[in-house]
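Next up: the structures, one after another.
In what comes next, subunit A is part of two complexes: it sits with subunit B in the first one and with subunit C in the second one.
For the complex of A and B:
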């Protein structure tokens, strides 16, 4: 009963955000010409939403976040590579393995790094993705620096037509579902005591501990949930959609930077913020990529500097402080 | 090569490199010690130093040693240029703000360098004599780089303990309010400390380029940041002396690890050494979060 109430409250909170995904889904079907742009936007929205669950809510910065997304990509690629004879089951196993690997890495990193505060935590995570990547490349594990290619396996099992569908339509459908899952999890966290606990930790960890909040438990919870969604994202968007996993690509710190910028831009700790940040950054990235590729990071840095200095609560925080109507405020969580 | 020579050579090169790592981390420690800010963009500033030495050498044929004053000047100016619009505003903000701001600064430098100089790997060869030390032949340039690093450390020490500025900096570190009360302009001390810290960091990039004049590229900063963190955490964040000792230890560790890993089939020693460095960081953070020499 308590739980269904929480779900009802979460759904209420998430109206606007879920609407954004449904509109994108409709646009995807209506304008097949722009389907890949829409899928890219969804990728960024999910990346921001998943990253927000940890960074936005606790105030801890994980500079190695992309490693969890990479683990998911590896999970899917390895499952398809070794189990492709099982057909569809291999893809289901892939998603499960994706979550398992990213959660496993998150538990390992979290067990060590989450004992640390602020700067020390950030320092500990800065090497996580490099560390895992160097292990894979240096010791020649799971394909070394070559990575894993699964296009051939997909085509051999499902035939060319179906394989192409898996790598476009099905992967994009998976993205939509992962996006909705991420939104619902965020809304649930925000409308239960977990959200209050995380916010208390962000504002003052010692005070939160003194109030009897099990600080470590909530931090680990947020960290692993955030990593798990990242894993699903990697499995769908990189392994399944791209058909290959390459360490230089999936461990690129670029994606962590993008996640940080999107969360900061939209508004850390909010539900709608990552969506706004994701849509804004995703479209900017797309048009910049069309006009002059390779400039994105050069634009990201000043944006991040400006947001940190001038808009520390993001666009959402800025708007919310100026909205007086309580119903509108509630919508803008 | 006889085994004894291999051992001597490995340790010697490790110690020389370690001295440079030590000075490279001193800037990070200075900024953390005074401003309580972790410069996540640290490596990008070193990258600027490496390019400074590279360009002065290839364009004007300037002796790399003489590029050091330029690096210091560029670093000091960069420090001031970032302090007033950005760093100053995040000093009292939540830690997240300063971490993100310094990260963005590094990113900005890295991408600007890529736009200006492409992402090609660059290198130069500065022909100087080789010396024989205990049966090991060693490039004089590497000795010079390590010597300059010691000189910079001396300079650092003199500024800190023998000048009025150093006294004021130490006062601010001890008690910011107290320093304000006795009439110290804390904002200016912050600006100067940040500027000096960045100057030393950029100069250490030059020294690294003199020591090992290859592999200069816009992205070289990332791994340098990681190494500097390992060293800073080993020595205790904020402790400059600790950073130096830890730097030498890390240089030794890196060279020994490389030589040992070369003996193992099928692994890439350089890449795996980086993995071990990272694991080392986690282990130290876990066992002694205040650093090996911290209390």
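For the complex of A and C:
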């Protein structure tokens, strides 16, 4: 009863965000020529959404976030590499292993780092990403600095045609489903006591404690959920779509910075914010990449600066403070 | 009234470096009692509150609530056991609305886990009306005045359905009318819900006499006087404490 109420509230809040994904799905089928642009947009939307579940809701900035996405990519790559003879089952196991690895890393990091506050937390998490990367490269684990390549395994099991479909259409379908899952999880969090607890933590952690909120429990919860979705994203978009995992790429802090920019831009802690941030940043990144590759990074800093100064609560934060009608507020969650 | 014991502090001390902020304080609060703790700035009142609600753990001594030893219980568990508080400088969750602030109290307080979000929001509406903030439901908490924020904190604490309400300087800086309203509210929750209220007051002696059944005076971390308000207020020791004269205890 309580749960079905929450689902109903969540669906009401998620209308626009779900519509965004469905429109992208239709556009993907209607304009195959632009399918890779649309897939890129979905990648950024999901990255922002996953990051938002922890950073946006609790206010803690995790500079090592990309390590969880990387864990997911490794989970998928390792599953396909060792179980490819099982066919489709290896891909299913890949997604499960992706979530398991990213959640496992998040639990370990969270148990220690979540005792720290503010800047100390941020600094500790940078170390995690670099640490895991150099562990893999230095100790020559799971392929070392060369990474894991699964294109050959995919082709051997499924044949060239099907393998190509897995690395394009299926990986993109997986992205769409992960995006919708992220929307529903975020909307559910925002519709239940969990969301209130996280917002209270973000606004004033000591007051949250005094009001009966088990602060550590909710922080760990948001941290692992955020990591798990990141893991799914890495499995679909890097391992499955790319056909390989390379440490220099998947542990690149660049992605964490992009996630921060998108969430700050769209509105931390909101449902629509990361979608808007992802769409804006994703398309800017794509078109600048077409016009002048490498220039994208130059635009990151001024955008972030402008947002922090002009819209400290992001675009959705700004809009929500001005909308009074409760029904419209719900739609613009 | 001969009520049962609710809270007991046994020779509780807290030091910060070389300063003894709370010095071997023993205190009993009975169920449904209204107690005023008065004392000048720096006398250790707020530290005492932080010990009761669990922000600090004492260096010495023990604390019991409803018969259970809570000396080392974390604040969120104490809140669920029925200890609610307001802060001296109000700490509402600024970007949430007044109603959401209070609803969180209902969601995580003594009845935490039993309420649906909608029920909690409904209760929040009642609690806001009780403290005189009816009509402010949708206002973001940061947009409220200081007095309104203090009332909001009181509503938030009341929504937790506590058995002990700790109010830290809730009436300081209020107009006489607001003070009267807060005193009225304290009396009402005590009467209707049997909530014990412990209020820290630095200067508003009129408010203390209006609501407290018993007053204790803190000075340099110690409890130095105790009794009914009219008697304590006339005690020469109290005058000395506030004028900063050296005190022999």
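Following the convention adopted for this analysis, the second predicted complex is superposed on the first by the 330 of 333 C-alpha atoms of A that agree within 3 Å, B and C clash if a C-alpha of one lies under 4 Å from a C-alpha of the other, contacts with A are read in each partner's own complex, and residues count from 1 in each chain.
As a convention for this text, a residue touches a chain if its C-beta (ideal position, glycine included) is under 8 Å from a C-beta of that chain, and two chains touch if they have at least 3 such contacts.
The structure displayed is predicted, hence computed values, not measured ones.
By the touch criterion stated above, A:96 is placed in contact with neither subunit B nor subunit C.
Once the two complexes are overlaid on the shared chain, A:138 sits against subunit B while remaining clear of subunit C. By the document's definition of touching, of the two partners only subunit B reaches A:260; subunit C does not. Applying the stated contact rule after C-alpha superposition, one finds that A:207 touches subunit C and leaves subunit B untouched.
Residue contacts after overlaying the shared chain place A:331 against neither subunit B nor subunit C. In the superposed model, A:61 lies in contact with subunit B only, and not with subunit C. Overlaid on A, the two complexes show subunit B and subunit C touching no common residue of subunit A. In the complex of the two chains, the subunit A residues touching subunit B come out as 59-61, 63, 112-113, 115-116, 118-120, 122-124, 126-128, 130-131, 134-135, 137-140, 253, 257, 260, 264, 295, 297-298, 300-302, 304-305, 308-309, 312.
Contact residues on subunit C toward subunit A in their complex (touch as defined above): 53, 55, 74-76, 79-80, 84-85, 87, 91-96, 100, 103-105, 107-110, 112, 116-118, 120, 138, 140, 156, 160. Within the complex formed with subunit C, the subunit A residues making contact are 2, 5-6, 9, 191-193, 196-197, 199-200, 203-204, 206-215, 313, 317, 321, 324, 326. For subunit B in complex with subunit A, the residues that touch the partner chain are 32, 38, 40, 85-86, 89-90, 93-97, 99-101, 103-105, 107-108, 110-112, 114-115, 222-223, 225-226, 229, 233, 237, 266-275, 277-279, 281-282, 285-286, 289.
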